[in-house]
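Below are the structure tokens for one structure; questions will follow.
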Amino acid sequence: MPAATQTKSQENKNIKIVKDATCTFCGCVCDDMELTVDLDEHRITKAKRACVLGRAWFYEHTLEDRPVVLIDGKPASLEEGIETAAQILVNAKFPITYGLSDSPCEAQRVAVNIMDTVNGNIDTTTSVCHGPSGMAFQGVGESTATLGEIRNRADLVIYWGGNPAESHPRHFTKYAVTPKGMYIPNGKKDRTVVLVDVRKTPSTPVADIFVRIKPGKDFEVLWALRALVKGKRINANIEAETGVSRELLDDLVERMKNAQYGVLFLGMGLTMTRGRHFNSGAIYSLAADLNEYTHFVAKPVRGHGNVTGADNVVSWQTGYPFGVNFNRGFPRFNPGEFTTSDVLARGEADAAMIIASDPAANFSRKAIEHLKKIPVITLDAKETHTTKISKVRFAVATYGINTGGTVYRMDDVPISLRPAFDSPFPSDQEVLEGIRVRVTALLTGHNPRIAA
Amino acid sequence: MSSELKIVNGRLYDPANNVDGEVHDLCIKAGKIVGSVSASATRIDAHGMVVMPGAVDIHCHIAGPKVNLARKLLPEDHRLDVHPKTAVTRSGTGGIVPSTFATGYRYATMGYTTAMEAAVPPITARHALEELDDTPVIDKGFYVLLGNNAFLYKLLKEGRKTEFKEAIAWWVNAVHAYTVKLVNTGSDELWKGRKNANITDVNETIDHYDITPNHVIESFVEAAHELGLPHPPHIHCNNLGHSGNVATTLDTMKAAQGRRVHIAHVQFHSFGGQLNENPVSGVREIIDYINAHQNITTDVGQVMFGKATAMTADAPLAWMLRNVRFDKWVNADTECESGCGIIPFSYQQRVYTHTLQWAMGLELFLLSEDPWRVLLSTDHPNGGSFMNYPKLIRLLMDSAYRREALQQVNQKALDKTQLRDLQREYTLNEIAIITRAGPARALGLANKGHLGIGADADITIYTEAEDKEQMFNAPRYVIKDGVMVIEDHEFATDHKGKLLHSKPGYNQDIAAQIEPFFEDYYSVKFNNYAISDDYLHHHEEIPTHPKV
Amino acid sequence: MTETMLLIPGRSRNQGTSLNEGKLKDEYLRVTSTAELNEKDMQRLQLNDGDKIQLKSDAGRTVVKCKAKKAEDLPSGMIFIPYGPPSSQLMGADTGASGMPMSKHLQVQVTKLKKR
């Protein structure tokens, strides 16, 4: 079936309809968009089925009039930008690359290649998102499922430390709560929804049961649930400690053990707070334990469009999911040592390539101060705090709107993008490939051995 | 270097062309073996060396979603076995589940030039294709998991045989697969839908579908036969690892009714004894059946002592192992298509079952009457790493070495096998069959596994040595597509291999019947499901031979 | 008047939509520098919607506007703010060997600023 058709509108404008396009704003990676594109204005005028975040994503990514490359704030050619970036990376003692979660896998693969070539450090926004869940995974594993399986089977859905109504608006409606599934013929009526959080949020109304816990007490509640599932005794003061009553815990345990197919979704309310990877490990372990009684899965609700792809690419190329260092000519992994926030806060990196992310706004003050002292290369479709401080700034096309490629949904399902309209800006893959070729040539004195 | 090569004075082992250790020259031009080359061709003097076709792994797990989950799961293993970059190759990490680059290079350093990933769910096949593209040197392909597919089950339930065949062909085309894979047929529905239950008998009815695993297997074998897939259905039988599963394995082989079928890692399916009791070797029954039935090919799935990782679409199996070890465990349900389980594991000589499995694998090899159909594999990484192949080859070729090894294992387990009585030693020619010519023929790869004119110039040259493990561990030269990738044991260049896939013909109308099912039960749009040709990269379509 | 409270930065719908307009645009800066407090806490601190407060942690300080939330939605002693440059100012650099700075559940001192 043709995915795109072009017509003339009543105002005689060139209009293109793109069916089954994919939104890459959040980790839901919804692939059922119908985009109306005004080819004369170079903008998307309608995004059918998009949520509020998706509409903002599609409508606001227009072609801005700005130079493709700025070096020290002055316009330059793409070639000059690539050359300057390559020189910076080759001459640095400890170059780092960070970001990647809003780039397709094809670009991510090249970025890892560059860091392998210059013995640098590669890290993704995973390290400040579900990095702790990645570490927990390494410790205890995970029972998990694709979102369609959850749609088809889950009769007990528990969200822990997340607010999908605002962060992933279609998570409820497309995947996990309201849709009908193979063995869930009546949709939400056939499911029990539990929400665990420290505060009420716009997500709370969807829940049949709302569990309010004291901030920073997630681990204690999860561990108590594990104990109760196994029939062990727990602290009699559990309510005073965590804000959750024994009766509510017992009720949850019964519901979990008796579910036909249960799921625990974990949000950053677990990974960014006291306990971090121990919290994620506790929830994974709880889900695993419950498999002695029924079928149970757990799944982190991932943020950026392709942060899951970044985990996958870095893992298959290096063996580790994030925070990888090539200083010795082979990959090493150590969160806290090779994660970008730490590398910057300790003042170690002497050059940084930041791809589609904004550490100058999101990192700690100490990390940002160091970032301001070293040469920074940025690739971004928009101006950010980080592009403002960069030595070399590439304005790139927006993935999923102007360029194609592969994106992994939060459940590791890979999806190909359908671009809506062309951009005069290069894709990040093109820029990175240019840098890779130059870096390799500078280091070896001849052209790279494998043709791209 | 000229694109022409001439290998002179080497002793050739090319069983497909009845060449058994004779000294012949070999000419290579433009990636193929040719009759002659010009005088300016680069010469390799292979005096005192053994020349074989590049080896072909018919069953391993090297790329895709479950492999990557296992990679992520094992940082402690990667750090013990780093893979530094060289002037011409990328870095990576090794261990039981190596990174993609390390996987390709390490296969090459053992003389392997083709490897087939044995289990990929269709919805995540893009992932496998991307990883395979990052797996250097070797040619590669994958088998697509269709044996628990909800839509195909629906067609079988409704008795729609023609549509069933068309849909299989649609799926193989849609994801660029090589052939179809069946794993623990029927079990997914029970695992996900009946609180982690499992199928115990191939004649049991599968929940919701009113069909039996036996019927599903029969139907796949028939459909693949009619479509003329280059390799028949690749089957992981039911009841893997359970005592007494010999009966299930025999039932499965019989379901093929004389048509071609490949039984994967048959060692795991050759347990005698009673359910829930200690297993004994049931190899005799299995190998007798295989020896007598030309339609069956199999790979052994040899267990090697040391590290392994259970990595399988057979989720109930991984759960069973989890409840033995209580170590970290991964389960991953794939909507409408598959299950998956991962458990880090190690095989130990002192453990009864581990020794039994090791011995059963060797029994299968040593009792095989047709090396063309009983092929070498460890079901990497399930029985152990593919890096064990040279050691396994020595165990087969060197009975004195094998006798030594027998002293170090659990003797009670050995009592339950015939291994002590088997004196057979494999010849170099037979090794060339079980690692090259045999797998290539079973896969329907006409240009691989041999050194005849027109064959792909994938060639391994070993320095002949008494210690066969040492010999097969480090070829002197490895030539891929006519390019000298390894020269004097070192990487001379990087190289990109091809994706091997098949494109069975089918009636396009089937797509319209599959689409509504997607709208109801899948989380991705039908229109976004089939994988574009962009993902083929460097590839070769292997022809099908349809029967109807 | 200064009180110690718990700061919970997180995503919000307006933070998500304004992000797409641009992180240097007014709307994003407005959204990420507006903190929600329990209405009773606001009364006690004599704060009205739109008043400026200073938030100070061990790592740094920032000035944001405040907005009342119903007591049953946001417990007393808790402040919610959409992620952004102001919340990052309060985040410590120590990741406890995890790569992840503690970015939720931050202890902050809240001080009402005089109107100018």
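In order of appearance the chains are A, B and C, and numbering begins at 1 in each one.
The definition used in the following text is that a residue touches a chain if its C-beta (ideal position, glycine included) is under 8 Å from a C-beta of that chain, and two chains touch if they have at least 3 such contacts.
Please read all numbers here as calculations on a predicted model, not as lab measurements.
Trainee: Taking each chain's centre as the mean of its C-alpha atoms, which one lies nearest the mean of all protein C-alpha atoms here?
Mentor: Chain nearest the centroid of all protein C-alpha atoms: A.
Trainee: As a test of understanding: of all chains, whose mean C-alpha position lies farthest from that of subunit B?
Mentor: In terms of C-alpha centroids, the chain at the greatest distance from subunit B is C.
Trainee: On a C-alpha centroid basis, what's the spacing between subunit A and subunit B, in Å?
Mentor: Here the centre of subunit B sits 34 Å away from the centre of subunit A.
Trainee: On a C-alpha centroid basis, what's the spacing between subunit A and subunit C, in Å?
Mentor: The separation of the two C-alpha centroids amounts to 23 Å.
Trainee: Quick one: report the Å distance separating subunit B from subunit C, using the average Cα coordinate of each chain.
Mentor: Taking the average C-alpha coordinate of subunit B and of subunit C, the gap between them is 56 Å.
Trainee: Show the residues in subunit C shared as contacts by 2 or more other chains, in ascending order.
Mentor: In subunit C, nothing touches at least two other chains.
Trainee: Show which residues of subunit A lie in contact with subunit B when the two form their complex.
Mentor: Going through subunit A, the ones touching subunit B are 1, 3, 19-20, 22, 31-32, 105, 109, 113, 116, 134, 137-149, 151-153, 174-175, 181-183, 260-261, 288, 291, 293-295, 297, 311-313, 315-321, 326, 328-333, 406, 408, 412-416, 418, 444, 449-450.
Trainee: Note which residues of subunit B are touching subunit A in the complex, please.
Mentor: Touching subunit A: residues 63, 65, 67-68, 71-76, 78-79, 82-85, 87-88, 90-93, 95, 97-102, 123-124, 126-127, 130-131, 134, 150, 191-193, 195-196, 319, 328-336, 342, 493-494, 496, 520-525, 527-528, 531-532 of subunit B.
Trainee: For subunit C, which residues count as touching subunit A in their complex?
Mentor: 6, 8, 10-13, 16-24, 59-60, 72-75, 78, 80, 83-85, 88-89, 91-93, 95-105
Trainee: Inside the complex, what are the residues of subunit A that reach subunit C?
Mentor: For this pair, the touching residues of subunit A are 25-26, 52-53, 55-57, 59-61, 123, 127-128, 131-132, 135, 163, 165-167, 169, 198-200, 202, 212, 215-216, 268-269, 271-274, 276-277, 303, 322-323, 335-337, 339-342, 345, 358, 361-368, 382-385, 388.
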